[in-house]
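Handing you this structure, nothing more for now.
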């Protein structure tokens, strides 16, 4: 039985290990050095790598201890208290949140040395995971009725999750589309936007009007298209933007105000 | 005035809060009751109205103390009570506080409390949105005033905050940021409330309550809501631009980048002028209820009163540049706006004469409320007439930005708006609280206020014509300003004294309420529907939704006119009034989400000013509350209302059978299911 | 109920109609229309002044270059035309979604809802692209009054579209969960009104800001 | 701003809601018109092909108004719905157009 | 002092004026009485016009509209008092009900039309009076500029700054409104023949066109005795005009809130008869000269070292000034070339001379010692200055500077000094 405590620390172990690896290479390590704890080759920054590896080791150790002693495990507790069955408190639903939280923490730690953005990302992950985890844990014990518990959990979390997930979904489409458009030439941008929207229209039309087979086909195609969009977006982002003519030097006579030397963005 | 409703409100046994038996712990839906916590989650339009009123009176004291500081500084030449810097902040915050945090919410209090009662409804169209409006307003008000503490001082740019003086370069403290963001928050509150009340007026009227039977107060409040509806987006745009200019360096008002400083002025005054009618129309409505009651005559020329109100509302949109006569907009614009401005005197004059004609031949009984109402007419006329002297643009070049203007607008705002609303306070006090205000103290209050007011602002006419500029923190001796400034300061303290008397009156009247006879439903022998139900008003307002057959419905239930044209009583108040004892009337369930959502908005504000993370947290709170709200059923399934009384009871015995049990309240609720769509959309505002 | 004692005809109102008898005791909305729909229309009336203010700001400032590049110099009309077209077609899909839902045809409703949201997303994506390219070409938010007004106006519109998309997605989700039925098709109608409004604002912007040449 | 007309008969209004709504095909037709007008609008941009001269701005405005009108009447159902909606909306619209046109004009007259 | 009693304005055609004139005169006389009774020398009094423009404005616009408003006020008030007196009762007894009147349409129409007609009259008043302040009159003043006769179309460019006014005279190369609008920016005005601040000098009997603008925020130019006010808006050049009939000093105050020391932003117009005016031009068109006195020379050096980053003394430090530019948000500080020729300084707010005509050393020194103490300002290091900063001058430096400043320009006539005597 994997207890939550185990999950947390094992997640942290995983994250710190990954962090150590990334950091080992990123700071200038070579070959298999970082994988082999510096046995075959070296790592860049020894101190940082060392800290991360020891953190990973510590987490692993704690996680093992926790699973060995079966903390907070209802079965264990039942056994301890001498009851002959599992207590009416239902088993804690298993969840990935501890792992996610730990992974976030690891990411944040890496961010500390790598880049503030990564740190922020990690922090956000930790917070999100902790919130979700807490809510799950709380809801799981709220009443004796799992359905009511789920309901309760949803009542609290859905208002946060739905808009965020919705915004993320839209954000992905928007981001991917804009990356693609900006990677291709101006003319192609027109074509891409036109084609994509025509496809959406056509797809919806077919889906809405043709029952049966066509529907499934469209749904399938839709999934493919969505994947394509994401992949395209990533590719486009990697390719980078096309070249833009820069108009900086154009001077407009009717600007209204004489150019006062300071005018840089009018800030 | 305090929020907690003690003795008088507990006439009926309140349902006990049932937190204890609730199964699901912390996030349960509030149940409603009479404890203080229930005020936080209430969606009852009456309680919301009371909260608006209480908060407004609090801010009246704040703005009033600011005014007293101004008057102290100006009492004598070379005053040294406040430095120039502080003076500028104080007068700015005085204007902003009085306009946005006192008189508008006080009018909102009347709107919330009395529109549903006057049209015979159980609540407003969107009860939770109503609560939301209040909480947003309150959080905005608090936000605005925290500038004193965390913003490095209040805004110091004047209440119309002309650019570029309000840009970062010229006003580097955060005061103006608080102004720009705070007013947006307040605007959002008023916008939501305007939509809500418009729908309420149009859609929730009792059977038979046609538009041309609506009481004048409701009518004026409705017009006010339309003005708010259309004026607020304009200032929102202005504030938005200002905010972007200050926080992100957008050159909207930067002359060096070629921007035009007059853009702000146009946007501000397109809002600003309708705003002054937003301030005055509710008071007009109050006066139109009080004068007929105490003249024992119906309002003279009802239709003309309504249409002149509408006309004022419309014309108010075409005059804004009269605040810019000297700003260099060119002679053609000046002439056009000067002309349009003058003619507002026509519908306003129609109102004045109709009030006089109502009194003409009446039996005028001068209760305190009546005194206030009549004083409103007199004082407003003075202010209106000085307004007409401004409207002549060439003459205004001598007047603008002097104390003559300050005199004008205090006469219309205080003499018209505030005194008018005080008439309303005295008039409806027994309806709201179940006890009368003491008339003797009320008289002291009235006379002190009237005399103090005229002593304060009367001399400002002279000061202005003698050339005293406004917004100056000191003036020199020898220009002839000394005497009248001193008089004005003395007057201001008389007003303060009158306010103290008012507070004593409230306190004393309440303490002695139990030992005096209860006012009953209709202490003044009044005319509109709210007087047909008990005082204080029971939570469900009407036992039975009344069926309306004419104007002044309640009066007609008490009196008839015989063949000689004589008034005869057909029913006593006791016979005609509702008892307020209906049980189990279906009411919308309370909710915490409006409050929660309102808390998020100032966080966004602070975030924009200090640290964007805060804004993210604020936004999360807002969004989460919004969705929680959307998922929350309008009707709490766990709440036990009903008792089987629902059906048929509201139907009102005589009204026969409609298709199905579609009582007004039921309609509220089904409709409300979709509310978040509207909310989500209005979010786009901020 | 003693009200019955009231005299029979006391109507001084100008309209004779609307007496109790005429209404058959109906206590529903006095106008017979839904609160929310009325509220939405009232709100849209207000929005006119909001967008009007931003549009006017841009029109006032559109040639104030502060010696630098104007938005009009970098407009990509062909692309914006496609964007406009996309948004216009999303209005069509929106109506079809409403029509589907109120017919009880959930599949169609869902498909069109999703299509509307996607078209909206393509539009916003196009706007992000447009903004980026403008910035690359030397027209940033603070470049001059014209650019600031341009970005504020179109950005504000973009935010409106995005909010609309989130609403549409929420509808889509509840439809998938089976909570959006013919009975509450009015919700779709309300969101639709908002959506079409955002579309007509763009109709206005496209003509007045993009197509009419700035002299 | 009278809504007297709106007070006719609620039940009928509620029913009318479904009864008078156009068919999907009608919507598609409207969309086709809209698309065509848009195409025409865009066409004006290619002045090398056809120069509209002084007619350009008026025709653009005209086309815009047509599109605007079609969307609000058909897609937003103003044509079929209670007239109170139109009143609310057009009040805002007219105010906005009037007030802002006046403002922009005022900037022209500065002299 | 009442403006109406001596009203010299030829009666204008227009029924309205005739109608309301007598009532107006009576009312205005009453108001004038109150005003004059309490103000010994109220230099800002708007009811004491001193030049033809202000007088016309007063008699054509102010008096008639006040008269109409007064009549309406009296009417309404009398009606109201009468109603209250006539119809008041102590209490309402059950049987005592008046006749229930609901309205009277002819009456309503009647008073609506009555108001419409009244307002139409007010409209006529406005339209008649508007050209008084807005129209311009083509005129020219012969001015001798460095021995050259110039027909000066009397225009003064008025520039608001935080918190002082600058007045620019373009005599030889005249600029007009259109040209200035072409330039578009008050921070980039072309050099002028005479630049002064705080005090505008004009010839009597001539309509002076003003072009009002500002360099930083909005201000408003107002000399109540000579005309109403006009805002000074950055990026905008607005026409305005003033005219004084008699020689004298006319006081004014900036009336648009412009930040911290708005209340201390004042100005005067000194009207001189044409001969004196020419003499003033002759004096002030000259550049400053290097002083002979040793202390003043030391002062000049100090000035060159410290003050020229903001102040210009023409003929002495043009280059340094051009090189340093101004640290002000407005890009400008008062031009001190003829400092002594004006009787007030620091935004028309402090006296340059004592009443006996001697230099007001105390205030000048105090100003140099701590300008902020005399007139609040924002001079935070690192930010753009608005106002004159505290420069940490030693007493020696201050003495020297005062000695130097005293050499810049010559004092005006004694009566001007006497008439100015601003009240702080």
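Per-chain numbering from 1; labels A, B, C, D and E assigned in written order.
Methods note: a residue touches a chain if its C-beta (ideal position, glycine included) is under 8 Å from a C-beta of that chain, and two chains touch if they have at least 3 such contacts.
Since this is a predicted model, take the numbers as computed values, not measurements.
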Each chain counted as touching chain A and chain E at once: B
Chain located farthest away, centre of chain C as origin (C-alpha): E
Label of the chain whose CA centroid is most distant from the centroid of chain A: E
Centroid spacing, where centroids are CA-atom means, of chain B and chain C in whole angstrom: 30
Chain A-chain D separation of Cα centroids, rounded to whole Å: 44
Rounded Å distance, chain C centre to chain D centre (Cα mean): 13
Gap in Å, rounded to a whole number, between the CA centres of chain E and chain D: 51
Sites on chain C at which at least two other chains make contact: 12, 15, 17-18, 26, 28-31, 33, 38, 42, 45-49, 53, 60, 64-66, 78, 85, 89, 96, 142, 144-145, 148, 166, 170
Shared-contact residues (touching 2 or more other chains) in chain E: 102, 184-185, 187, 235-236, 238
Multi-partner residues of chain D (at least 2 other chains): 3-4, 6-7, 11, 84, 91-92, 95, 99, 103, 107, 110-111
Complex interface listing, chain C residues touching chain B: 1-15, 17-20, 23-31, 33-36, 38-40, 42-43, 45-50, 53-54, 57, 60-61, 64-66, 141-142, 144-145, 148-149, 152, 156, 159-160, 163, 166-167, 170, 184, 186-187, 190-191, 194
Contact set on chain D toward chain C in their complex: 3-4, 6-14, 18, 21, 24, 27-28, 30-31, 34-35, 38, 41-42, 44-45, 56-57, 60-61, 63-64, 67-68, 71-72, 74-77, 81-82, 84-85, 88-93, 95-97, 99-100, 103-104, 107
Touching residues on chain B, where the partner in the complex is chain D: 202, 210-211, 226, 229-230, 234, 260, 262, 266-267, 270, 310, 317-318, 321, 328-333, 659
Footprint of chain B on chain E - complex, ascending: 31, 34-35, 38-47, 57-58, 60-62, 65-66, 68-69, 72-73, 76-77, 79-80, 83-84, 87-92, 94, 96-104, 107-108, 111-112, 115-116, 118-119, 122-123, 125-127, 129-130, 132-134, 162, 184-185, 187, 212, 216-218, 220, 222, 224, 227-231, 233-236, 238, 253-264, 329, 376, 378, 383-384, 386, 422-424
Footprint of chain A on chain B - complex, ascending: 23-25, 27, 249-251, 254-258, 260, 620, 623-628, 630-631
